[in-house]
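Below are two complexes that have chain A in common, paired first with chain B and then with chain C.
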Partner chain A sequence: MSTLVIGPLARVEGHGGITVEFEGDTVKDIRFDVPEGARLLEPLVRGKRYDEVAPILSRICAICSVAHTLTSLKATEDAFGIKISPQTELLRELMTRGESIESHALHVFLLALPDYLNYPSATALAADKPAAVTLGLRLKKLGNQIQETLGGRAVHPVNAVVGGFGRVPTFEQIITLRSSLMQAVADCDAMIDLVASLPATDFCHSDTLYAALRSPHLDTYYSGDEVMLLSDGNRAIVSAPDYRTFTNEKSLEHSHSKHSTFRGSPFMVGALARLTVNPRRLTGRLAVAMKRLKLVLPADNPMDNNKAQALELLNDVDRALDIIEQLLRDGLKDERPVPVHPRSGTGTGITEAPRGLLVHSYTYDDGGRIVSADVITPTAMNAASLELHLRRAVEQCGERDDTIIAKRLQMIARAYDPCISCSVHLVRRA
Partner chain B sequence: MKPVLLIGLGNTLMGDDGVGCVVAERLSGHPRLPPQVEVMSAGTDLLACAAHIEGRRRVVLVDAIQAGGEPGGVTRFEDLSELEQGQDHVHHLSVVQAARLLQMAGGPTFVLIGVAVRSAEVSMELSPALSERLPAILESVLAELAEPAEN
Partner chain C sequence: MSKPTVGIFGLAGCSGDQLVILNCEDRLLDIVALVEIRDFLTASSQNDTACPLDVALVEGAVASRHDAERLQAIRARSKVLVALGTCAVWGGVAAMDRGLDRKKLLQEVYGETEWEYDSVPTQAVREVVPVDLNITGCPIEKEHFLAALAAVLNGDVPLYPQYPVCTECRMRENNCLLVERGELCCGPVTAAGCDARCPELRVPCVGCRGPARDANPSSMLAVFEAKGFTREQIAERLKTFAPEGVTA
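So, the complex of A and B:
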C-alpha cells in the first residue's frame, strides 16, 4: 500500500489536505481533511441574547460574513415569528449579491485562475498578467462596496439587525451603488471572455446530486424556505425545518467536519447546484455567456463550478441593478426594524452563501436567549461529494502519475471553493 | 483622508488569532493615537479594505504570527515577500499575499507588525499570556505609528 498526501490546503498545519491511499494503482481510500469547526463555535452563543447572536456568528468568516449574518437573522426571525418588510427583503438580497460578487471575484480570479494558467499564486500571476488580476480586484471591490454600504462596515456587518436594518441606506448611496454596478457590466463581459479562453479541465465525470435553495422568484440567495435536491431528473423538496433530512451528518475520524448525505447519496451545493436547480433563470445575457463558456446543465464535471461562479457573478451584477431599480421605483422608505417580542421556540434559516447552502437553526428560551444553536456550512455539506469526485478523478486519471494526480485533485478541491470557516488565520513565518 | 491607516487583522472567535483586531479596538480613539492615523479592523479579509487603502501613504497591519518565541513578542516586517512562501490556502488570500497584490497594483507602503502567538483556540478572549503582554504590544504599535510617514 502507498499513500499520496497533498496539503495542507489551508493555513492550519496538519489539516485541510488530501490523502489518497493506493493498493497498487487502485484507490483504497481518499480523504479530504477539513478542519471545519463552525460547530465548535456554537458554545460561544449559548446563553447569548437574540441581538448578540448574528454579530458573533458573522465572525466565523470574513468572506461569508453577510451570509452568516443574514442566515442568523432569518433563523431568529423564524423563531420569533417576525415577518420582515418587502424592502428589507430586497435590501438583504442586494447584500447577498454584493457578497457573491466579492467572493466569486476572489475565487475565480485570484484562487482558480493561477491553477489554469500554471502560476503558483495570485501574486505570481499578477506579475505576468496584471490586467486579469486588476479586473478581479476591481470586481471584488464592487462587491465589498455593496456590502459596506448596506452593512455599515467593511467586514462583519452591523447594520442588518433582527427585524430589518438599523439605518436604511440613503437615496444617494443607492445611486452611487448603481453607478458602480453599471461600470462593472463591461468588466463582466471581459471576465466571461477570460474564463471562456481557459483550457478545458476534464479531470473527472460523475453523476452528481445537486442541492440548492428553491425560491418563488427562482433567482435568489436569500428568500425561500425550501431546498430542492436534483439528480438525473429525480427531484426532492425539503422544507427548512426538516433540514436534517439532508444534513444527517456522520462524524468522521479524519475531519472535524461531518459528512452529509441525502438518502445515502453525497450531494453538491454552490454555484453549479444553484444554476442546475433553478435553470429557468438562465436567459438573456446569461444564456449567451453560458454558451460561450460551453457549460451544459446538468453538468457531470465539478470543475464546471468555476464557470458557474463566473456566470453567477455576471448575473449578480444584473440582478443587483434590477433590485436597485425596484427600490428606486418603489421609493426608499426610512423604515425602522420590526419590533421584536422574544418567545421560546426553534427557528431555522437557510440561505445560499456564495459557496452553497448555509443553515442556522436556533432554539431560544422565553427570554430570547440561545438554548442551542446549529450551524451547518456549505463546505461541510460538500465534503462527501468532494471526496467522491476526488476518487473519480484518480480512477479516471489513467496511468498513475502522482504529480498529475496532485495537481488535478487540488484544482477539483479548489473548484468546490471550500471555506475552512473558522480555521485560524495566523501569518506563518517560514 | 488621513495618510496612515492601521488595520487590525484576525478572527476574534479564535482567541489569540484575533489579537490584531483587539489592538485596533484598543487604539481606536486612544489619546496617544497620532492625528494622521485612522484605525479599522478587517477580520481576515484585507482585500475588503481595498477602498479604504487607496490613497494612503502607509498602511500598518497588525496580525498574529506563528513564529516561535514567547507569546506577545512583536516583529516588524517591511519586506512582505520574505513571508509569502507557505501562506497558500484554498478559500481566501493570505494577508501577506493580499498586501502584495495591493502593492503591485500601485498601493501604499505596507508594514506588518506580527504578534507572536502559540495557538489559537475557540474563544472570544485572548489567552492570559497574551493579555498580559497587551500593554507592551500597544506600545510597540504606537511607536510604529509615531514614526513619520515615508514620502
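So, the complex of A and C:
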C-alpha cells in the first residue's frame, strides 16, 4: 500500500488537503482532509437573542457572509411567522447577486484561472496577462460595491436585520449601482471570451446527483423553500422543514468530516447544480454564452462548475439590473423593519450561497432566545461528492503518475470552490 | 533596497481579513509591487513556507494544537507579527467558549465519537506568542490595513483610534440608539475606527471591534442600567466578540 498526500491545498478558502491511499494501482481510500480549527459556533449561539444570531453566525464565513446573514434571518423570520415586504425581498435578492458576483469573480479569476494557464497565482499571472486579472478585479469590485450599498459593508453585512433593513438604500445609491452594473455588461462578455479560450479539462467524468433550490421565479438565490435533487431524469423534491432527509449528516473518522448524502448517494451543490436544476433560467444572453462555453447540461464533469460560475456571474449582472429596474418602477420606500414578536418554535431557512445550498435551522424559546441551532453549509454537503469525483479522476488517469494526479485532483477540489471556514463541521482528528 | 518580505496567514476564522486584503481591488497590484508576498496559501500555490519574513499578517484565533504550532513557527520566522482582525486580537466569536466545557461543545456538534479531535479552548494570538501590532475589526477596515502597510514600509507605527464608537457616531450626528431608543448599543465601550457604521444605519453596535481603551465603563454601566439592562445582559453582549470586553 502507498499513500499520496496532496496539500495543503492552495488557492482555496481555509486549510484543506487530499490523501489518496493506493493498493497497487487501485485506489483504496480517498479523503478530503481539513486541518482547520473548529469554532463550534452552533452550541455557542445558544441563549443568544434573535437579533444577535445573524451577526454571530455570519462569522462562519466571510466570502459567504451575505448568504449566512440572509439565511439566518430567513430561519428566524420563519420561526416567528414574520412576513417581509416585497421590497425587502427584492433588496435581499440584490444583495445575494452582489455576493455571487464577488465570490465567482474571486474564484474564477484569482483562484481557478492560474491553474488553466499554469501560473502559481493571479498576481504572477498579472505580470504576463494584466488584462485578464484586472478584468476579474473590476468584476469583483462591482460585487463588493453592491454588497456595501445594501449591507453597509462588503464582508459581514450589518444593514440586513430581522424583518428588513436598518436603512433602505437611497435612490441615488441605487442609480449609482445601476451605472456600475451597466458598465460591467461588456466585461461579462470579455469574461466569457476568456473562459471559452481556456484549455479543456477533460479528466473526470461521473454520473452526478445535483441539488439546488427550486426557483419559484425565473431564478433566485434567496426566495424559495424547496430543494430539488436531480440525476438522470430522476427527481426528488424536499421542502425546507424536511432538510434533514438530504443533509442527513454523519460524523466519520476516515473522512474527518460530517458527510451529507441523499438516499445513500453523494450530491453536488453550487453553480453547476443551480443551472442544471433550474433550466428555465437558461435564456437570452445566458443561453448564448452557454453555447460559447460548450456547456451541455446535465454535465458529467465537475470541472464544468468553473464555466457555470462564469455563466452565473453574467446572469447575476443581468438579474441585478432587472431587480433595480423593478425597485425604481415600484418606487423605493424608506421602510422600517417589520416589528418582531418572538415566540417559541422552530424555523428553517434555505438559500443558495455562491457555493450552493445553505441551511440554517433554529429553535427559539418564547423569549426569542436560541435553544438550538443547526447550520449546514454547501462545502459540508459537497464533501462526499468531491471525494467521489476525486476517486473517479484517479481511476480515469490511466497509468499511475503522481504529478499528474496531484495536479488534477487539486484542480477538481478547486473547481468545487470549497469554503472550508464555512464547513463548521469539518475538523481534523488529533 | 530589496522589497520587504511578507507572509499572510489564517488560523481559525472566517478568512474575512484576508478577504479584505483581496478586496483592495484598486491597490492589489500596487501592493505586490511594493512588497514581496512570499507565503500566502489562500492566493498562491507557490509559497516559501520557511523563509524569514519582515512582516507576518495573521488572522484568526488559535483553536487547535495545530494552530498553535503553526503560529509559533510563523512567529519564529518573522520580524514583525501583526494580528489581523478581532479573532486574532481578542479571540472573536469562537472565544465565547470561555468558561464552557469544550468537550461537551464538541460532543454536541459531532456526537459521540470514538476518536478525539484536535481542539483547544479559543485563544487570541497574543495569548500564544508576542504580537507587534494589533489591527482590530470584524473584519478589519481596508484603510487600516493600507495605513499599516504604508507605515511599516516607512518604518513607522500606525495609530488607531482608542476612543469609543460613540465619538464617531456623534460626529456623524446620528440619533442615539441607546439614550433615545433604549436599544442595547455597544458603541459606548467599543473601539472606534468603523465610522459608526452600524448606528449610522440605525442598527445597534454589536461590539465587533472589541473594547475601546479610552472608554468610561463605569459611567456607561450606569447609563445602561438606567435604561433597564442588567449587568448580565450587558456582559453577555460585550463578550460576544471579545471575552475581555466584559472585564471592564
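Quick note on the criterion: the second predicted complex is superposed on the first by the 405 of 430 C-alpha atoms of A that agree within 3 Å, B and C clash if a C-alpha of one lies under 4 Å from a C-alpha of the other, contacts with A are read in each partner's own complex, and residues count from 1 in each chain.
We take it that a residue touches a chain if its C-beta (ideal position, glycine included) is under 8 Å from a C-beta of that chain, and two chains touch if they have at least 3 such contacts.
Note that this is a predicted model, so its numbers are computed, not measured.
Chemist: With both complexes superposed on chain A, which partner does A:I63 reach: first (chain B), second (chain C), both or neither?
Modeler: both
Chemist: Based on the superposed arrangement, let me know which partner A:P418 touches: chain B (first), chain C (second), both, or neither?
Modeler: First partner only, chain B.
Chemist: Now for A:V155: first (chain B), second (chain C), both, or neither, which partner does it touch?
Modeler: Both: A:V155 reaches chain B and chain C.
Chemist: Taking the superposition as given, does A:L272 touch the first partner, chain B, the second, chain C, both, or neither?
Modeler: neither
Chemist: Which partner does A:E52 contact after superposing on A: first (chain B), second (chain C), both, neither?
Modeler: The answer is second: A:E52 touches chain C but not chain B.
Chemist: Which partner does A:K141 reach: the first (chain B), the second (chain C), both, or neither?
Modeler: Both partners, chain B and chain C.
Chemist: Is it chain B or chain C that touches the larger share of residues in chain A?
Modeler: Counting residues of chain A touched by each partner, the higher count goes to C.
Chemist: Scan A:L41 for contacts with chain B and chain C and give back first, second, both or neither.
Modeler: In the superposed model, A:L41 contacts both chain B and chain C.
Chemist: By the touch definition at the top of the document, which applies to A:M95: first (chain B), second (chain C), both, or neither?
Modeler: neither
Chemist: Of the two partner chains, chain B (first) and chain C (second), which one does A:T123 touch, if any: first, second, both, or neither?
Modeler: Both partners, chain B and chain C.
Chemist: Show which residues of chain A both chain B and chain C reach, each in its own complex.
Modeler: 8, 10-11, 37, 40-41, 43-44, 56, 59-63, 65, 106, 110-111, 121-123, 126, 130, 133-134, 137, 140-141, 144, 154-156, 424-425, 427-430
Chemist: Using the touch definition from the top, list the residues of chain A that touch chain B in their complex.
Modeler: Checking each residue of chain A against chain B gives 8-11, 16, 37, 40-41, 43-44, 56, 59-63, 65, 102, 106, 110-111, 121-123, 126-127, 130, 133-134, 137, 140-141, 144-145, 147-148, 154-156, 413-414, 417-420, 422, 424-430.
Chemist: Which residues of chain C touch chain A once you look at their complex with the stated criterion?
Modeler: 10-20, 22-23, 25-26, 28-29, 32, 37, 40-47, 60-67, 92-94, 96-97, 100, 102, 105-106, 108-111, 113-119, 122, 138-139, 197-198, 200-203, 206, 208, 236-237, 240
Chemist: Quick check: in the complex, which residue numbers of chain A touch chain C?
Modeler: That would be residues 8, 10-15, 35-44, 47-48, 52, 55-56, 59-63, 65, 106, 110-111, 114, 120-124, 126, 130, 133-134, 137-138, 140-141, 144, 152-156, 158-159, 161, 165-167, 251, 253, 258, 410, 421, 424-425, 427-430 of chain A.
Chemist: For chain B, which residues count as touching chain A in their complex?
Modeler: 9-14, 17, 40-45, 47-52, 63-68, 75, 83-97, 100-102, 104-105, 112, 114, 117, 120, 122, 124
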